[in-house]
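Below: a set of structures, written as structure tokens.
Shared between the two complexes below is chain A, which pairs with chain B and chain C, respectively.
Entry: the complex of A and B
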């Protein structure tokens, strides 16, 4: 379908994005805010933004996604949104009764110059914020960065505005998981627990956007990091932040404010990145790495060993968000596959540098693009095809047109389930991911093999 | 009850209460988790099904990303509308203006794709920074010799309904710019069907069987050339009147084309729509063919209705839709199945719509304007709703309440219009209400081994 409108010839474009591999900041801020227990995200802008973010998150998570909006009208756009935000806070605490409201801005409120922290102070003065309730904010203009930037900005706001500490170090570490799925956050907590660690993870969307079916609607499901926990993160021994693009800013802000030393690691997707994660946890654990984790690792390596012949040399195109792409590419190289096209819509030189470290030697022919779009990726594929495509649901157009095996990975996934329930981080997550990659590759082999060489055993 | 904001007291009524005066058509209360969208959204959903046009969103990437091929508006030919084009405005554009970028983007895209026309959508940000989109469009139109239409859809500038209006005005500029060699005496335009899951095709086929020529489908499976010659039709047949009534009125004023308002939801309304068109032309052959079509299709659909009715009688439905017009049809269609509508509301209904809703509903029915999840959940539980009929944001809410669901919005996956659509609707409603999952929430469900 997109095929006929996507020419093979690549002409330079200077003024437009076609089929974006990113979206705007506020949706990232909402996703991060949902990782706080009893938090209502609030969009300070016109109504449509909030409706779009809720719809998109609903399509991805298949859960009711709650967020309020300042409902800007023309008047607010001329005179500023202070009156709207004050009224909104009043209404929110009256009817929806959250513990925390996490406000993010939009292109509209940023451009007209609303000073949200000042409006929050005013709300406190006016008594619009009940005793014990908390309001935080992040600046997330849609014309800067991408959804990843918005996520990072809100996590940083959490680290600065919800945090606390008494100056006595506690026997605990902070984990900033980056933009991963609720199942991933649950898996990270499990690994930390196996390692015998006390951790506080923020944000933590597990239990919020994958809540169980009980026949009861809960506006605020059970999951999410608690305010009482956030109030202790300043006393943690260390912070382990996963993903430069999504978690570094928060970790460094916390370090600056409370002297909590931080390590910034790649997202623990795949073998080596998980090794680095486990190794980073070791100094804080009194235990040796438990055998159970060694076994998990061993099973992943065993799976790779067994199936190596079907993976070797396969050309892969992948698109999505920078933190994920970095770790995925490294994993693909360890699988003896060739990530030849790696593209993100988010801008960032550090992405290119890290990808060069991973692919420079291993896949010298690789094309790596930041601030790119899916149209360009499709053109690359038309010029030299690949054996596998990894990316969010929008990849299905290319996969269908070019008849490429396709593994859905990233955000948003609007046409399948599983991404929120099965982790891709850690060794077990690596096995899940490898199983899905092998599944589509071997299904394709079965489909295309002539009958006389169709094999039962593979 | 504690779930209604005080600002919203006049937007929630029960039939039978005194003082019914729906305070609709007003801005949502700030802080409400409203299910509404914006002006841009209204324009985008109405225009986007025009498949051979270029649709360029002038704004930051989000507005384009969230509206990239989300509606399932099908095309029988070109599919340029399913691509996402945007100027992806950055901070420097917000400071220095985005007009140059818009100009280059338009030129590049028109050169690359040779569309029949281009629509340029304004967003909040282009509204605020004051880009003169009209001037850029005029310039490109002159240079590239295709219609380049500015859609004034700055998100904050009203409600979704204002977006429909802006879209109608853009379409209206195209109408009348192309002549056709032959004028058909019995010809119509189909307005306000968007070919979701192929519904325009179903409706078009009925008119074909009746011997009525369809000049333009606006905008489902839409084509620019058809729209340009839409002024040659004898009648505008308008569905989803919220979105397209304005265009019909503009065409009536300028081209003297009368319009009728119809709905293709349900057997009764579909038949009535076809009859109205037939009566308008007063042609014996058309009337005869319509009689046959309606009789055969009704007979077939009614036998399905009759087989399902015993299972569905007494089931209670909540209906929450964008425009109120659809709710009228759904109430009738559900009644035909023996079901009751106990909660009904819309995002953008008008005062007369709500009066009509009130007159159609049973005593005690809750009627809502611009509602939100907390109210919808509370009333669904209070009224012991068996099935919720709504859109993307209502689905998981209903499911979490343990209530069946049918999407009657963008995410319908089977056609719900016409006779075939009613048959699909019945099957979907039945399957969801009867799903075994509603009995599986607890381990000790009735009939479970060791259970109650």
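Entry: the complex of A and C
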């Protein structure tokens, strides 16, 4: 057994986290920064942070992930990292020539109290930042929140530090997509286009972390939200922010700064969440919801009606990030499945409240945990098994030991491809997701069915 | 490609440096050495801090300690004291394979243990939480040993992992020991290797004096069992008649470490990460060490012969020769088959602290030419040989890494070799406790580059257009976007094993597959050339 030491009996732990269901802030900040065109993320800390974040993101995307570091030594940790950051900015602009550098902090630079905005001002004064180049920063201490917090903090910094506006409303809306895959961001833009809307999406990692093989490496691929676009987000009619945990802070900051009204929605994963997303777009569109979208919706509903018998009543365990879990759970309920264990490593009472709204009536036996770990989830499963496990690649150890059908979902996925290319948002994304769920469930049924009742048609 | 067509390495060096600001240029210039025909005076700067803002391959001290040296040991519960990230990123990502001795023997490799430090502990201290975490781990698992790893903020706020370890050791009656391997220490993973060596030596090695049965007792140091390399080597040792006591640290266990001081000889694979252990065991217990290399078939055969001659028994020498004779035909067959497809192609290797040296053997065996190689975190002795050790300057970044004062163990020290025997071995060209380094084995007009940057990597690809580039996960896809395959030599791209004779065959086949795979010829769409001609015509 791979996880041979996990006992069925659950004893509460106060201090020891085993098999975390979250990681630290800076990696989220890097992912968000990659969603800006010609931006080089910069890690203000020791080298290892940057190396670890780049490695993890690379394993998930199978793409070059570029980021620089202040390369703190013991000396810098004692005397402060100002000299390191000033030198880093000088080198970055000379050698790698980005338009924007997005700096995030680490537990090291936060603990010693480096004031990054002050250092950036100093860099401007010292002429280390060439004309027309931009440096932004976010505070992302690893000992607060999770990777989700780091993503949210960097997106908020984008909204405050890259934004601009001339004070007159433009016929456009802002979309803050939350921590979703490049394929999802592309799909969200497509849906908005179908609705006849002009949108600015930030961050936008499509075309950055899913760039094509052309035979020529691009340090800064084509994708990412442009600085010229960010300079206009203050003039947008509204902001639609997807995911409370990842997008709310940025949307509200933008509202406070430029009076751009915002709506915070769940991530449009699954039928009802996508319905709410489309509905939220309607007031800004001069069109009726186009037939193309009604068709897409209809195809998803059709698929569910056709295959409902294989889904109903199935017990599901899922772990991952709060915004995803909220929408996934709602979708699973709409499929008549039973999300009985839902666990995130990220802390947040609002997660529990929203999950209660979704599961309270439908799945009263559900266990929902914030600030939990995968070890606990495994123990729950040992006490009462499930029919399906949804989560990132670390779930494969549980899936194998307990022999549970497993759908990879979330971050990081280090052992399969597809998650970056095929969306899970929108109606089409819902179909992709449902196809994968059905695939593993029906494969399991085929594997376990006695020969005499083995079915050709299902 | 013939020898004459190789570009002038000195000119390439100039190209690599052009973009840098003056000060950086001066610094980087010392890290890039053009290999001269005589090689004798070829010197290189290494193990100094990376310039901030340079996109480097390097990681941190914690990664070297917890990830590299301790990571592959399955039955020490390793608790990472710090915010969650450091524990998370070192969780199962180095793919060290391990084979517990039975289905219920301890194996914690799949688990990740951390105190997940919060702001409250940063402000008020984290020792209380750490103690509680150790207690909880003990209650749950009852391990023989627990290791505590300090991450950046732990050192800064002054949590004393050693004091907590001592206390908990007394309280629980098991071996608990700490590692002050905060990420900011040193200049790369290398500092962490040293710290890991020190603490294992202080707290584990020598705890079990029970005599070990068997002949020709050895430890294998600096073999981390990536992709199952150590499994192949274990089989090889068994077939030749050696008794392998412990491996530091691949497929390794705590009990094996405890008795590792009872061997006749230490074998050192990765000199960089583990030479400290070899030296300390020599000083305290009198165990000599031999630098060997089991990457490459010829290197494996040479290494086995040297080890056999160290012991000097004809029985062993015969067994080793028999084993080599048994394995070589398949190797030669594979070489003959693949050489025509690979001969003369260029390779560049930038990785680790010994792999960039060892893997040159494999490329040479299939007729490929290594035109550039360098380490990510090695020191000058890994490039130029241990002869430079006496003259090495210790800078401020390395001075803080503890150098253990190791003395002879009065009761357990035992000289393994007489002075005459040592002299005799030296006459045969076998020097104990010695490493030649990488540079002497490289060809003239090639480049050795230490701590290569992203920019230099891109430039090398452009100027050499190699058939293959070897590095790690962070570099892989950037290289491949250029249409040039990249082989990961940290993780082996989830393949392997590549050690020993059978491993060599795997590697030849892998390199053939990766270079000659069809997709590299399909990157351009069929219409691209025609459209380009049309566009050029329209423009003219």
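Assume the second predicted complex is superposed on the first by the 455 of 458 C-alpha atoms of A that agree within 3 Å, B and C clash if a C-alpha of one lies under 4 Å from a C-alpha of the other, contacts with A are read in each partner's own complex, and residues count from 1 in each chain.
Everything below uses one rule, namely that a contact is a pair of C-beta atoms (placed from the backbone, for glycine too) under 8 Å apart; a residue touches a chain by one contact, two chains touch by 3 or more.
Keep in mind it's a predicted model, so treat the numbers as computed, not measured.
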Fit or clash between chain C and chain B when superposed on chain A: clash
First, second, both or neither for A:85, with chain B first and chain C second: both
First, second, both or neither for A:141, with chain B first and chain C second: both
Which of chain B and chain C A:68 touches, first, second, both or neither: both
Chain B versus chain C as contact partner of A:214, first or second or both or neither: both
Contacts of A:108 with chain B and chain C, given as first, second, both or neither: both
Residues of chain A at both interfaces, chain B in one complex, chain C in the other: 1-2, 4-5, 7, 11, 13-20, 22-27, 42, 45-49, 51-56, 58-59, 62-74, 76-77, 84-85, 87-92, 94-96, 106-108, 111-112, 141-144, 146, 211, 213-219, 345, 375, 394
Of chain B, residues touching chain A in the complex: 2-7, 27-41, 56, 59-68, 70, 79-80, 82-91, 93-94, 100-105, 108-109, 112-113, 123-125, 127-129, 155-159, 373-374, 377, 392-393, 395-397, 399-402, 437-438, 441
For the chain A and chain B complex, residues of the former touching the latter: 1-2, 4-5, 7, 11, 13-20, 22-27, 42, 45-56, 58-59, 61-74, 76-77, 84-85, 87-92, 94-96, 106-108, 111-112, 141-144, 146, 211, 213-219, 345, 375, 394
In the complex with chain C, residue positions of chain A that touch it: 1-5, 7, 11, 13-20, 22-27, 42, 45-49, 51-56, 58-59, 62-77, 84-85, 87-92, 94-96, 106-108, 111-112, 141-144, 146, 211, 213-219, 345, 375, 394, 397
Complex contacts: residues of chain C adjacent to chain A: 19-21, 24, 49-63, 79, 82-93, 103-104, 106-108, 110-119, 121-122, 129-133, 135-137, 139-141, 151-153, 155-157, 183-188, 396-397, 400, 453-455, 458, 461, 472-474, 476-483, 523-524
